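Okay, so chain A shows up in both of these, paired with chain B first and chain C after.
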Partner chain A sequence: MFLNLLAKECRQIAKSMIYWLIVGILVIFYFSQLGGMSIAEKPEPGQENYGLAYGGDEKDVMDSTLGYLVSEYMNGKYATYPIGFYKAVTPSEADEKRIGEIIEQTTGLSGGENIADAIEEAQGGAQIVYGSSPVQVKEDLDYEEFKKLMQEVDDMLGGGSNYAADSLESNVSSPKTYEQALEDYNNLIEKDHLTGGYARLFCDYMGILLGILPVFLAVTRGLRDRRSKMQELIACRKASSVSIIASRYAAMLIMLMVPVLLLSCIPLVQCIQAASGTAIRIDYLAFAKYSLGWLLPTTMTAAAVGLVLTELTDTALGVLVQIVWWFLTVFSSMGSMHGGAYGWSFIPRHNTVYNYMGFHENFWELAANRGLYATLSIVLAVFSIFIYSLKRKGRLDIRGKILGNLKRKHKA
Partner chain B sequence: MSAKIEIKHLNQYYGQKCALKDVNLTIHKGMFGLLGRNGAGKTTLMKVLATLLPKTEGSVSVCGIPLEDAARVRRITGYLPQEFSMYPNMTVYEAMDYLGVLSGLGSRERKELIPKLLSQVNLLEDKKKKVKALSGGMKRRLGIAQAILHNPQVLIVDEPTAGLDPEERVRFRNLLSEIAQERIVILSTHIVGDIEATCEQIAVLNEGEILYHGTVSNLIEMADGRVYTAQISKSELPRLKERYVVTSMLTLGNNVMVRFIAENKPFEGAQCCEAGVEDAYMYLMHGERGDR
Partner chain C sequence: MAKYLEILKENTKHNIPVHTAIAVILLCFSPLVLGVSNLPYEDTAKVLERYVALLGIILLTPVFLPEQNPDLRDLIRSKYTKITAVYSIRVLEAAVLLAFLLGVYIAVLHYNGCEIHAFRYFGGTLGEMLFMGGLGIFSFALTDNLIAGYMVPVFYYIVAFGSGAKYLKVFYPFSMGIGSYDEKIWLFAGGLVLIAAGIFIRGRK
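Up next, the complex of A and B:
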């Protein structure tokens, strides 16, 4: 029965307008972001530009971060991105004073109440350019202590500033040298077999959409029964709640992953073409492996949120919840876009074909992340089955209760 | 497996509100009519029998299977809900096929059964029509076809004729009578004509209580000798309505031919006549103006 139901559900999805809208968005997004992608060529000595390298040694990070802090302190306003959107923060007098003290502690300047004067003096009267104050970091300053102080500043600013301890490294970027570029290229060809790097970039872009689009499919599927007054008709059938919900969920995942896997064939073909006639040994299954390992848990989770909240409330609440979660995730992960810092982010970022070492060294972090979301989505799906079986027996009607309460309040 | 439904001391509550009060019924093979006003508790009883609502108190068994064993009850029960609809963009055949899968039918079984059932409900020629393009009557017939798709021993049909034109209604009743030859069919309705034309056994439900359970002829007998007709002037009508339950009226110029219920001959000129189901139902519900 399950396979028959699965086939029927897939067919229903294939006939729905929302599905083709999702496919259309995926295709348009792919071509707008990756359509003009060309396969990396071996860097040659004397090239004008080799791209940017992020991070540096502790001294560079501290210098650069202090450059931002001093210029923002002098300006009296601090740039923050609490949920990804720009917000200028003007701290309270007490916070401003504390930030001045932190600057004193980290630079060794001593100005007492007038640290601003001391900074200007240290500048030698030159105009302060944002992010590039020549103020030097105190010589004996411990990096861990520095991180702690910067985190204190970030907390005072409400988060999302340049001073969050875990994103201080992104304050430092410098042009790559030929040697760095060559090392990155060699890693891409030898360790990543070319396809690995492009598969990660593909996952980075597709992950953004798959963190939100599946919820629309899940919610519309769940609400279709109520809209079509099919709930009772289905509920009184022989099919078990497990078969009904699991077939719907599996059908959604299959139908969402099919266009993703098809789209992944485009960069795969580009890689095959680039490798033909060379000694590059590409991994033909890299895109499939990355799509299933990296993107499937995101898709599963977004769909499961829609599934469970629609079953629970018979409303489109899942869309709202997922949009909020998606916004918070996408914009808070901007500091880790170049990969290697996956943490527990719902949408892990790796917006480069390079940085193999960042991926390799943090592979188990990423695996744990993906495992967590895959497990979470299965738990949500099981919970949906439980809710559905209760509703089927008339033991749960949250929507009815909400509407009943609203009616009572309206009458009162 | 006994081909009957047994309901004993069934009570059903929605919070504090009692929707069914100590309902006791035994329903055998054939058409069984459940009659009552809107809000009498018919749909609640239907939903309990279809395992869509958990019963609060009492015991119910469907063909020997207790209602608590919902999975087994669902296998032998077909249900046509009051607000019947299907995915509007599916064709008639696709809708039947989808529900067939949910009923656990295999691919071959569905291929054999669905055309047969569509033919029985006179929808075979419309099998490629989308559900949204069907008329109200066609939808109800499709509803019956889907409800008997898995050849259930019990068919529960909730207010199936509401909104149908007279021709469709007659066709639908006949269809139900045909189907009832092999199984228990419970027809819930507030339209007395539906019961009169199809059911031998009936129950009348009022405010959650069974007012009557028995044959249609016994119900009619209760009103025998209490139904009168009289021709009165229009001006006398309001007074008559105040004292008696009027079951029908026909305007004849300045006069009105009324049919009403009275315990004894009410006035000269009133003639006792043969009671019908509608008269008997009205007598049961209102007595001699003693409105319940």
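Up next, the complex of A and C:
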């Protein structure tokens, strides 16, 4: 029964205009963002620019971050980017006092004048440059303790500041040296087998679209029975609610992942061509592995939101909810585009073919993230089945909508 | 005239409230995630053209929603009042509402000490709202599908963030932040054309 329904649902989706619109959008987006992609070449000594390196050792991170903190403390205002837009935060007196205590705890500086004097002395009387206060970190300051205190500051500021755990590394950036660039290249070739880095970049771009597009398909599918007045006819069939909803959901995921996997063949072929005649050992399955592990949970969640809200309300509410969630996620992840800072973001970013170490060191963080969203989507799908079965029995179906009987009666 | 006022009244009573409520909620919640005080010119423009302009999709796209059912469309067509007149009144009301909400939001930004070129920012953002809403109206009319109506302007928005200026040229929506207003004139005109085309197509379906 399930397989029959699954095949039917796949055929239905293949006939859906929205589905082909989604495929068209994926193709256009791929070629506009990754169409001109060229495979990285080995860096040569004496090049003008090797790009930027983010992060550094623990001392660099502490120096730089506390420099920002002291500057902003002196200024009385703190720059935050909760969803990528600038927001200046002025903390309450109590919070400001606590930040002062944290500065004292981490740098030994206390009181506005004392800090200003220390900075002036260190800079030889030069004007304070924003974000670059030359503060001395206390020698006995432990990095874990430092991270905890910075997170406390970030919480007081409402999130999205330079002190959030996933922003600390980004506070230190410097032009890459030839040696660093060579190490990155070697990691890409030897550890990532070339395709790994490009698969992450592919997932980074496709994740942006798959965080929103599946909801359109799910809502369209959910509303189609109602539009074609088939709800009652399907409700009285033998097929169980589990089979009906699970087959719909599975069909959506299959049909959405097929074009993604097909598109991933383009960069794969480019990598194979670049590696031919060289000693590079390509991982041919990298794109498939990354697409399923990285992109599938995003697709599952966006589709599940559409599924559950359409079953619940019989409206396109899922689209609006998902747009808001997508908007907040995409803009708040702008600071972590260099990869390695995945956190609990719905759309993890890794907008570079390099930074293998960032990926490798934070792999379990990413795995937990993806696991969480896969689990959440399954919970939402199960909830959809529950709602659907209640509606089939007529328990929630009040004139087609749960709150339908609360509508105002009118003459029009 | 009386019958048009009656259409306006019914639209205000039955169709506008839900979408207006969503738009107002989005504006009211914006201080939680955006800076809305003491912003320099470019950040004020950014808030308006990247966040507030999204209201165009919310308020304009669903103007054909009440007649999603073809039977209802047939019924309305059987009346003396042209269905395109009904649609035009709805679009006009949504546009006036957008202008009002935008005006209030700009006034709040100004009151909070943000740097603003009030008239230019108002016109530019309204033009963008009409274009994004126009894209929604046009796609809805073309496909007879509300979801497609939402999808197309959302995709336009995503593209604008990617390689926007390179591909969208005069229809690039985020130009105010870099001090350019020519694009907004194109967006305004494009929005009007898309809305008119959408109403025309829907009127014939």
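Quick notes on this structure:
Quick note on the criterion: the second predicted complex is superposed on the first by the 285 of 412 C-alpha atoms of A that agree within 3 Å, B and C clash if a C-alpha of one lies under 4 Å from a C-alpha of the other, contacts with A are read in each partner's own complex, and residues count from 1 in each chain.
To be clear about the criterion, a residue touches a chain if its C-beta (ideal position, glycine included) is under 8 Å from a C-beta of that chain, and two chains touch if they have at least 3 such contacts.
Everything numeric here is computed off the predicted structure, so don't read it as measured data.
By the touch criterion defined above, A:Ile208 reaches chain C but does not reach chain B.
Once the two complexes are overlaid on the shared chain, A:Val219 sits against chain C while remaining clear of chain B. In the superposed pair of complexes, A:Arg392 makes contact with chain B only, with no contact to chain C.
In the superposed pair of complexes, A:Ala88 makes contact with chain C only, with no contact to chain B.
Once the two structures are superposed, chain B and chain C can be ranked by residues of chain A touched, with C on top.
In the superposition on chain A, A:Leu320 contacts chain C only, with no contact to chain B. In the superposed model, A:Ile25 makes contact with chain C only, not with chain B. Of the two partner chains placed by superposition, only chain B is touched by A:Ser240; chain C is not.
By the touch criterion stated above, A:Val137 is placed in contact with neither chain B nor chain C.
If you check the complex, the residues on chain B that touch chain A are 47, 50-54, 70-71, 74-75, 77, 79, 81, 83-89, 97-99, 101-104, 107, 146, 150. On the chain C side of its complex with chain A, the touching residues are 10, 13-14, 22, 26, 32-35, 37-39, 43, 46-47, 50-51, 54, 58, 68, 143, 145-148, 150-152, 154-155, 158-159, 161-163, 167. Taken together, the chain A residues at the contact with chain C in this complex read 17-18, 21-22, 25, 28-29, 32-33, 82-83, 85-88, 208-209, 212-213, 216, 219-220, 223, 227, 316, 319-320, 323-324, 327-328, 330, 410, 412. Chain contact summary for the complex, chain A toward chain B: residues 1, 4-5, 8, 12, 15, 224, 228-230, 232-240, 244, 392-395.
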